[in-house]
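Each of the two complexes below includes subunit A, the first together with subunit B, the second together with subunit C.
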Partner chain A sequence: MKSIYKFLAFTLLAVFTSCSSDDDATAGLMGENKVTLEFDNSVGSDDLLLATAGYTNSQNETLTITRLNYIVSNFSLTNDAGEVFTYDKEESYFVTSEETGSTEVVLEHIPAGTYVSVTFGIGVDQEKYLQGAEGQGDFLTIAEETNMMWSWQAGYKFLNYEGTFTSETVTEPTDFKVHMGSHGSSLDNYKEVTLSLGTDALVSDEMSPIIHIVADANDILDGENKLALTEQSVIMVSEEKSPKVALNTASMFTVDHVHNGTGDSH
Partner chain B sequence: MKYLFWVLVSVFLVSCHEDDAYVAVKNTFLTVDVPENFPALVYDIEANPPTQLGFELGKKLFYDGKLSSSGFISCGFCHEQSSAFTHHGHQFSHGVNDLEGTRNTPTIANMAFFTEFAWDGATSHLDLFPIIPITNEVEMGETMTGVINKLIADAEYQKEFEMAFEEGGVNAENFLKAIAQFMVMMISSDSKYDKYVRNEAGGELTETEAMGLGVFQQKCASCHATDLFTDGSFRNNGLPPNPQLNDMGRAEVSGSDSDNYKFKVPSLRNVSLTAPYMHDGRFGSLESVLNFYTNGMVASETLDDSLRTKDGLGIALNDEEKAGLLAFFEILTDDTFINDERFSEY
Partner chain C sequence: MFLLGGLFTVQANENPKGKAECIWKNTAYEYFCDTCGCGGNGGSMGFGTGLNNNFVGLRYIGQKYRSRDGIFDNSPWINENFNTVQAWGKLPVGKRVLVNALLPYHSHNRTFADNTEQTINGIGDATVLAYYNVLRQTPDSVISIKPEHALQIGGGVKMPTGSFDAANIEGSVNPSFQLGTGSWDYILAANYGITHRNWGLSALLNYTIKTENSKSYLFGNQWNVALNTYKTYYLSPSISLSPQIGLGGEIFEENKEFSLTVPDTGGEVYFARFGVEANYNSYALGISSMLPIAQNLNEGKVEVKNRVSLYLNINI
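So, the complex of A and B:
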């Protein structure tokens, strides 16, 4: 039965398209569909395996990562005509967590189009925070359950990155904790990034793309800004270091590839 | 300056279980009166307009020990009405399992007029403040998820949430909104001082009180500003840090060394009722507070500039001025507020 509907839909689509005098390729994309963003966490060129093997960064520190959770938010997609589709802000906050395996963000009801880039935030913006109870909705308890609530300041950890490390001078495996978020009203660590998709992501009633994003956890401490755990292994509220962690984290994302299709396979 | 919501859009229909008839439970909006001598409201009333049922639910939650892990420590345990919603006689807030915090319980009067909450401004939204004591392991030692689950399991609360809010029932958003509605209504503005300022009956000051007001305006009001008696800023007032606590204050939130030992300037409303004083409750009397300001201060990099003078640190006060200030503090007591049955536990 399903295939009949598909056939019918396709026929209708074809009829509709043939009636259109617009010969822009995008004009053939009708309706709406979901867009899936898969956040694939890695370290350097390798897959990220929690609490398994250590890896050594450029600062000669060997890290065994046990937790990598971060908040991604405020998604928007830009099409080939430069038009921006902004996802409903209220629905636009997600915790991705390597340990629970929830690393997919599914954006529903995206209008048909040929999308060339995606923009999103890392963390929670002040505007949402300052909406109080109304703005947080259920996201507060979601954050609490995923270790992303900084309960002592009733705020959010944008990034929760933990594990153990050794270095030349720290020879016994020692815990590290990197928790990054905004510092009350005094420091806003929310960042936004725009990633070019490389391959156009096509959305229509028939097409539901999967955008495969790689997050290189190495960048968090060993990106543009170098932060040595040997010097400070617990980085939380630090006016000097947390903005560096925020910048590094925002630059850890790249689009690896885009699957165009029905959205049910990689 | 009156926020009046006199029409409630929805009437809630509650099924009566005995006979399946419907009884209408009407919710009504409450009026938030901004006293004419106060600055403008900060709290966004339109985002969470207090209603009668929301307020009553907030009050019930405020006095319910269920919000703590032990089941015994409510918000009202440390915020006692008779002490203007502070923890009388306790230097630090007491929590579950006899644990003790490191800071003195601040008042929660007039919170709708503030932008930052807690001694260090850990949150900048009133709605979200209750998360801090609820989740603090030496205060209420719970989680938000834990509290919500306990409330969901309670049929009475379920009904009350349904009646107070149009949608959502028992959830974190409505939970925080209800407590905020209760706090937003807690306005203390009926002291003798207020009557004096507003030229109302009962506002005639004695000579000593008037002199004290003059001293206050000249020497204290740059920080304890407006009729809220605070400018809401974070300042280091020169208290010698307690080495056992070494509480860094605002710096714990901002992560900035320039904020070391800074705490929010507290309101002085009802100050005669809110002993002990300072963020760590080190002073048991207002006399001790004044003595500290005249000769107890220590210098440090972040000491507030207004407390450094060419004659030395602190505020110069003679005995007569101190007596005047103490008399002035008395007229900040608002008996209407501390006896207001709307806010009473029983």
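So, the complex of A and C:
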């Protein structure tokens, strides 16, 4: 008799275990759709509001930010099986700009799947740059229009971060400019980051997810590397400082949440 | 949406001595959180019940929330007002079973930071709940000296008669700004009551099991607990007044969408409740208020400010 109970217990266990799978909704995703990445800029845990009240960083400098533009590129998505889908390189360069409000990157024709992470670059890689001006296509024009080029020889600005600041010794609001790039092919500041999505992003003919990324502008000068504007308020072609800005910028991104669904609204 | 109600069950037409049937009297723990909007989580509803009286009634429930419109600490708060009128009633079936039914009508509104206003109106989710009297004293003596107990257990179903709009569920604003959950939900409930002389105490426990709706959204399962005490003052043989005070709690599991956990959902809120019910013959008129004592809903992105309810029931 006891063995019957044991048998029943095991049967029930098996039934419940087999029913506990929660991936029903993600099985059988078919077709393709777009994936939207929203780059939402912040300072710390506050929304970044251009040219409004300043905020004070850990170096006791108070910044009022008036511009935050950066280039994101070379997108790839990794699914739950570890397979990487790399977006067409020709189409994979974007400028996001807080001042124009164009902070969305839309990747078209992504194959159906359950995606767990996204990888992208900040800036323009040497391979692309070495294709010459004619190899840049429309992106050259876009970069010029958004203040993301010095000149063709000097190259792209990967980051254009501007505003005014005050500190203990700089009491009058003073302009700051942080323009970071690769400076031709002599200094390579292109970086790549991989972000775990936290929640799976589901793509199918019916589902086009929005990946909501937060970029914390505070990290640019006040991240892992500390850069005091009081010491140098214009950081451009600096072999010492711009690599630090590049590292800080690459670590400013986190995924806040993923919105699955039709993606028509957010 | 839990109504627990014994509130209306005060049987003012009874002689004060005939208390045996009044065990739930006034306990009216009307947990009224009716559908959506409850705790920011697409609520559910429960009922407390009177013991033997049939009634029909109308209840107005006003709930005020504020929720964060955005993901940042400086994102604006928006105020949300949930207004509900419920028609409900109770009918005994046989000696030990009672059936509760409830149909809400909602009119919810909220104003965004840019001053645009959103209003949703319509029928909410209807609920039918049946209770079995497990334990109940029979009124065998005219005057009862000893405390009397009653215990009811039951279950029910909440039907998706209210509309669910997928456009309102996006994470950054209260996902419960809905007329209904769009799902068939199942409720398990237990009520316990004890009365002694003019005093009464009631306790309730409800668990609502929610299912995934057609938009692949699943509101988190919900616990409701409440403890309520009251005292009845008889102003005349046909008029009585019953002030009440109590505590309530609502605990929500996280929501899921496409079987994936939705961030910033779930949480808990605890209330203090104050109310008074007046009874005249077979009419019961009540007012009550619930104020949050402690809360952490949707990772702090939704806050309950208060709830009020006003009701009129007629024993039939």
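Descriptive notes on the structure:
Everything below uses one rule, namely that the second predicted complex is superposed on the first by the 235 of 266 C-alpha atoms of A that agree within 3 Å, B and C clash if a C-alpha of one lies under 4 Å from a C-alpha of the other, contacts with A are read in each partner's own complex, and residues count from 1 in each chain.
Basically, a contact is a pair of C-beta atoms (placed from the backbone, for glycine too) under 8 Å apart; a residue touches a chain by one contact, two chains touch by 3 or more.
Values in this document were obtained by computation on a predicted structure and should not be read as measured data.
Steric overlap between subunit B and subunit C is absent once the structures are superposed on subunit A; the two fit side by side. When the shared chain is aligned, subunit B comes close enough to touch A:E144, but subunit C does not. By the touch criterion stated above, A:V214 is placed in contact with subunit C alone, subunit B being left untouched. Within the superposed three-chain model, A:A133 lies in touch with subunit B and out of touch with subunit C [touch as defined at top].
Looking at the shared chain after the overlay, A:V237 reaches subunit B, while subunit C stays out of its contact range. Touch criterion met: A:H183 reaches subunit B, while subunit C stays clear of it. In the superposition on chain A, contact of A:G155 is made with subunit B only, not with subunit C.
Here the smallest spacing between CA atoms of subunit B and those of subunit C, following superposition, is 36 Å. Comparing which residues of subunit A touch subunit B with which touch subunit C, the overlap is empty. If you check the complex, the residues on subunit A that touch subunit B are 129-134, 136-138, 140-141, 144-145, 149, 151-155, 183-187, 236-240, 242.
Subunit B contributes residues 44, 47-48, 115-116, 120-129, 131-132, 135-136, 143-145, 148, 171-177, 180, 250, 252-257, 259 to its touches with subunit A in the complex.
By the touch rule above, subunit A contacts subunit C in their complex via residues 22-26, 40, 42, 44-47, 49, 198-200, 202, 207, 212, 214, 256-262, 265-266. In the complex of the two chains, the subunit C residues touching subunit A come out as 70-75, 166-167, 170-171, 215-216, 256-264.
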